[in-house]
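Both of the next two complexes hold subunit A, though its partner changes from subunit B to subunit C.
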Partner chain A sequence: MTKRTAKLFGALTGAAIATVLAAAAQAQETVKIGLLATLEGPFAAGGQDGMRGAELAVKERGGTVAGKKIELVKASSDAKPDVAVNSTRKLVEQDKVQIMVGPLSGSEGIAVKEYSKSQPGVTFINGGSGAQATTLLNPSPNFFRFNTDGGQWMVGLGDYAYNTKKFKKMALVAEDYAFPYSQVQGFMAEFCKAGGKVTHKAWVPLGGKDYSSVIAKLPQDVDALLVVLGGSDAVNFLSQYEQAGGDKPMVGGSITVDQTVLNFKGKRRESLLGTAAAGPMADSIDTPEWKKFVADYKANFKDGFPSPSLFAFVYYINMKAALDALEAVKGDLSGNQEKYREALKALKLKTPVGEITLDENRQAIGPTFITEVAKGPDGVFFNKVVKTIPKVDQKLNLSKEEFEKMGLGSRDVPNCP
Partner chain B sequence: MSAAQWRKAMNFSDAGRNWSGGRPVAATPSDARSATRSAPAAQAGVSLGRLWSHIRWRHVIVLAAVLVYPWIASPFFTYQIGAQALALGLIALSLTFLAGYGGMLSLAQMTVAGIAGYIVAILGVSGTPEISLGWPWWLVVILAVAGATLAATFIGWLSVRTEGIYTIMITLAIGMAFFYLAQQNYAIFNGFQGFQKVVPPVVLGIDWRGPVPFYYLALFWALAGYFFVKYLTRAPFGIALQGVRDNARRMRALGFSPVAHRVAAYAVAGAIAGIGGVLLVWYNGLISPGSVGTSWLINILIIAVIGGLRHPVGSFIGAIVFVLLQNFAIDLIDRERFNLVIGLGFLVIVLFSPDGLLGWWDKVKEWALRRTGGRRSAGRSNEWRSVGVPQVRPVGRQ
Partner chain C sequence: MTIVRRWYWAWIGGLIIAALAVWGIVDNQRLFLVTTLNGLTLAALYFLVASGFTLVFGLLRNVNLAHGSLYLLGAYVGWVVGELTGSWFVAVAAGFLFAALMGLVLQVGVFRFMQGDDLRQTMATIGLSIIAADVALWIWGGQIYQFDPPSWITGTTALPLVGKFSTYRLVLLATAVVIGIGLWAFLAYTRVGMMIRAGVDDRGMLSASGVNVQMVFAITFAIGAGLAGFAGVVGGTALSIAPGEDTRYLLASLVVVIVGGMGSVAGAALGAVLIGVAEQFGLAYAPTYGIVFTFVIMALVLAFRPQGILGRRT
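What follows is the complex of A and B.
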């Protein structure tokens, strides 16, 4: 090896010592909060909006909490769990953040939760990730999640589809990974219990382009389709389904019927009217709290979306929870953050969609909104809130025994052919 | 030119020294093969004393620095910067060996490493017990490296008949094929989610997951890989490989089989990448299709190129620079613009020194020698370029 390497190592060591000293000197006046979202990769736009949501929560407090200045240290990942853990490790071990907010996507959340177990001195609060397993299986004592998960987001929709829309037999098209498994479980747990049948399940790979073989296999004797696809997958499937002459009504997942799909051109667009979906928020919630949140978002971020996205919303509530609890303990993070964590557990978080509390696994219990695609007076399609289910818990509002008997959602769970 | 000249020219990493350990070399071309064959005997005869004479102050300083490093640096610098750079450097080393000494630019080295990682996850213990078989770690690691070597041999066998840009294309295609296989196969590769909780075992009462033990584990294999490549490039096989790189037709005329040498080079590089892959999966604690995606195939190439393909140490220097940029670029500039810093950093290195950072090192040395009026300013580093055969650059023969 060369002298260059030696010099580099020397420089590294110097930098490490300097940073440690700097961090120790600063800790008194400011509170350091790490913020991780995906600024690269497939969710780059969503990650950026997530950061806007978190910044909004900080701005609402004027950048201070309990008399201390809030210092945000940002990091990025690209929706890959290994990158998320590397970025988190940098924030925690190098930048010495005291509270960590993030990451954005499901498998990242599970990986960061596992990492949090090795850092008992830091409190981790989720950003946007919605995988059930994060807080349900081997939860970490210092990992908190104030947003509901992918399963909770669908509670109430199964009942709505069976009893209000009168769908008795359905077929399913969903992407083949953890998040759609949770979404499908949230839907089917109720739908099957009510007496509905899901006779055909098509699990498709993420990022698929050609759905012709999937569409050809869909049975004709069903009342509706449950479509749990996101982004370009949803657009591709819907346009190919239209071209193949499909005419079944649809029920969508939480990220299926978003603005990209609603702006979709073609004959099929009209048939989207009445498509039911569910999620932790909706653009058209008619409460003053929600309207204020949307107005604040628009006022603060001229370069943002027309209205806050799902990611901006979940990052906002998680960051707000971090700051509210910090205010409650007057910025006291001593004793391994013991008091702070107690405050987080006891927090009754006021959010734009209503109150959110935590369960014994430090997982959010909050409302779910059932929506239907409607046509506004100006001809613009939007998701109209038709029903609100308050206080949905992680067991999908089932009893503990019932939920444990069913187990975690997967390709074959639940099943009612 | 004579065989002696040729051999001297082949031995470009240190043209001043004689590769066969100071033994007078055969002077007639007809004797070239037998001389190459008898080289191991000569090498074995090299005494420890001769080995000592190769050790310079810089070697001692670097070795001491990397050994002491975890005791000075924070756990973060030990693990995330040190150990990650060593594991990535080892994978890039396999590419340096292939491209620098064999003239074959393979983009599939991360795929080979990923295959080893997946074997560790599938046969060993992971967070997905429905798929993982839970075999003992030592068996899993042996099988992983063997599997990676086999896969690399297969990739080599497919791609050695192509040259230059076609090698890049075919290895990229193989890499992408494996990426999509891993992403869409659920029975074996667990699809999009991959495997979590793939951790190093606890052996001899030491938890190898800890920053310091893992750093030393990575360091051991990095040094082993480095010295192995250093040795191999001077062994008859390595000399012949460089001959194949520089002029395959002449080597065939001399009775060597270029195809066999190239495939063997792929196999050797595969074993090195396989070890790197095992370290990397343990470092990350997980493996998913993203770990073998296009971005990582390219990243390995970037690491090897910014370090410099001329010498095995280049891959480790490149890995250190790469890891530092990945981690700290975001502190220099806000938000999503930090990738710009990374890109600019690479651009500057490649623009001002086509040989990577190693090229800078040589320029600095030459400049210093010229200033002090040193007699060796003939430019040892340039010796390899003066070989009397047309294709002498390590990368991109033709």
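What follows is the complex of A and C.
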């Protein structure tokens, strides 16, 4: 055989194999779902756990929905909006996914929502991102979010900090992007209304690492710190705050004292005990649904955290919503996915924390849990539930007028120095 | 004439900075001093990473874009060894040795076959850094790791004027100074150091005079990589280690050596101080826009002295 015929022969074999494979794939229909999370950057640990959560929802159905095989196509970003859009674009335009689940972080969510408007044939379901603006400002008709947003996650905490913890004056350290803005608004809307003062705001760059100078600038005459940092940023801040001799009690954002942070490898986490925080879930919710979710997570992911992190949870519910609605329409994605989207809108999603429904902007209404960090008998740190607010809507349970008067959270909104 | 004009601008810039510094001291003396010290300690860390980078570049003309991976892998291996032995010092040594070994393997197994081929080397190092990052994610996961240094260096030390300051950061600063002096002495007074300097100046001549250039290259690469691994453990103790640190420190090293001058160890020290201090002052005095400072410095250097402050034209 000459070299040329060998090449030709090789090409023919390749083509033949490809045809056979394609035929096999058609025998059992598949539904392609894109999954995007951050496996790099400050939320790498969270992204990895988010992937686990989404996989758990797929595993619960044995990898099939309405008789179709579920094919997950994964991609990664690094919490930056442009990277998230590029990865989404790759999944949608190159891999031709029909449903898209992701991204993880706040500003990414806004960027992907904008992109979704240019792809009306694909349904986008959020992953873990929690910026208010994603569904509140110029919502996209094919973008759905079954997790509550960063502002909703903090409802009740401002009141708890002021009235139960008796913190009157606080200083703020938060990352400078959309999600912490929402979180801080959720907290301060109540805290300021109750009469509290936030005298110092430090907005730091995401992934900043070295906070020593930010710490040096914190005022000494406050009762506590509100720390809205996530992942490695939170760990870095906490250890450096201790290194610098800081001793103020802390109130955390929803991802400040998440499992990713509680489980960091090192001994300095003792100082986290007693830290109050709030979020859409907590490690110690006392219902059979939640306990089953935790048990399933543990059984499926030996390398995972001692219990699912917030990102595992939100990716789980969003993926579950995607699949439940797909089941409801028997896998029918025809007509620009019209029926499927109606099913998503009408979904009363059964989640480990209770029922979640969507509002007119396709944004979730669900419960919020106020927690405090406690140490279990086995030495494992967990968030103990101290209070539950059963239904929180995107207007932070304020009236429409009150919410609109305040406006969206930003560096300067709300303000009560 | 152009030189006079350049100095004229330098004087004006210097005056503005001096005025700002005076305002900073008068406004809040403690904050100013703490920020300066923070900047210097961050610079110490940057110097440790960048010195290896610049050493390798100076001799091999090889922009090793996998330098950040050596930092991260050294840190992870150091952490594992530290957990096993319970000793932080062993962890530091392990980080250095492992990264040095990796460097040796890279030089002997990869770069020797593409000498003088800049583009291929760059592509190969980018490829390797992506593989290394994925392998690290696979082995160590996305968790955040922190070291347990001995207790006598973890607390705070009271300094005159500054007050309480993290002891560990002071140790970090001292370590970097010692390493810097050691590196200088090594280059200036030892035989191998002499060969390295000769190689920087003229590789062909060095080879012609009977020196085994490949061995000099291998030693340099091992030291440069080892310094990255060393910095991984030492820096991971001050901050933390997690996926993504590799590109972060690669970028920091690049900025530092571009500012200081490619191939110059003294330049790396100067660049590190400029960048570290600028970053910390940015965080303390202009948190939102502070990140720009670093790149303003880089842009200015590239505009007025493209070879870097202490760099030589090649």
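As a convention for this text, the second predicted complex is superposed on the first by the 330 of 417 C-alpha atoms of A that agree within 3 Å, B and C clash if a C-alpha of one lies under 4 Å from a C-alpha of the other, contacts with A are read in each partner's own complex, and residues count from 1 in each chain.
Following the convention adopted for this analysis, contacts are C-beta pairs under 8 Å (C-beta built on N, C-alpha and C of every residue); 3 or more make two chains touch, one makes a residue touch a chain.
What you see is a predicted model, and the numbers here were worked out from it, not measured in a lab.
*Asks:* When the two structures are overlaid on chain A, which partner does A:A216 contact: first (subunit B), second (subunit C), both, or neither?
*Replies:* After superposing on A, A:A216 lies in contact with subunit C but is clear of subunit B.
*Asks:* Quick one: is A:V235 in contact with subunit B, with subunit C, with both, or with neither? Answer first, second, both or neither.
*Replies:* Only subunit C; A:V235 stays clear of subunit B.
*Asks:* Touching A:N86 in the superposition: subunit B (first), subunit C (second), both, neither?
*Replies:* A:N86 sits against subunit B, while subunit C stays out of touch.
*Asks:* Should A:A45 be classified as contacting the first partner (subunit B), the second (subunit C), both, or neither?
*Replies:* The second partner, subunit C, only.
*Asks:* Considering only touches as defined above, state whether A:P390 meets subunit B (first), subunit C (second), both or neither.
*Replies:* neither
*Asks:* Thinking of the overlay built on chain A, is A:D176 touched by subunit B (first), by subunit C (second), by both, or by neither?
*Replies:* Touch partners of A:D176: subunit B and subunit C.
*Asks:* Touching A:G67, do we find subunit B (first), subunit C (second), both, or neither?
*Replies:* So A:G67 meets neither subunit B nor subunit C here.
*Asks:* Go through the superposed model and pick first if A:I110 touches only subunit B, second if only subunit C, both, or neither.
*Replies:* A:I110: touches subunit B, not subunit C.
*Asks:* Quick check on the superposed pair: does A:L206 touch subunit B, subunit C, both, or neither? Answer first, second, both or neither.
*Replies:* In the superposition, A:L206 touches subunit B alone.
*Asks:* Taking the contacts subunit A makes with subunit B in one complex and with subunit C in the other, which residues are shared?
*Replies:* 39-40, 44, 48, 78, 176, 205, 207
*Asks:* Flag every residue of subunit A that touches subunit B in the complex, lowest number first.
*Replies:* For this pair, the touching residues of subunit A are 1-6, 8-10, 12-13, 16-17, 19-20, 39-40, 44, 48, 51, 74-76, 78-83, 85-86, 89-90, 93-94, 107, 110-111, 114, 176-178, 205-207.
*Asks:* Could you pull out which subunit A residues touch subunit C in their complex?
*Replies:* Residues 39-42, 44-49, 78, 176, 202-205, 207-214, 216-217, 231-232, 235-236, 239-240, 243-245, 260-261, 263-268, 303, 411 of subunit A touch subunit C in their complex.
*Asks:* Name, in rising order, each residue of subunit C that touches subunit A in their complex.
*Replies:* 30-31, 34-35, 38-39, 41-42, 79, 133, 137, 141-148, 154, 156, 164-166, 168-169, 239-240, 242-244, 248, 279-281, 283-284, 287-288, 290-291
*Asks:* For the complex, give me every residue of subunit B touching subunit A.
*Replies:* Touching subunit A: residues 58-59, 61-63, 65-66, 69, 72-77, 79-81, 84, 183-184, 186, 191-194, 196-197, 226, 284-288, 290-291, 295, 313, 316-317, 320, 324, 326-327, 330, 334-336, 338-339, 357, 361 of subunit B.
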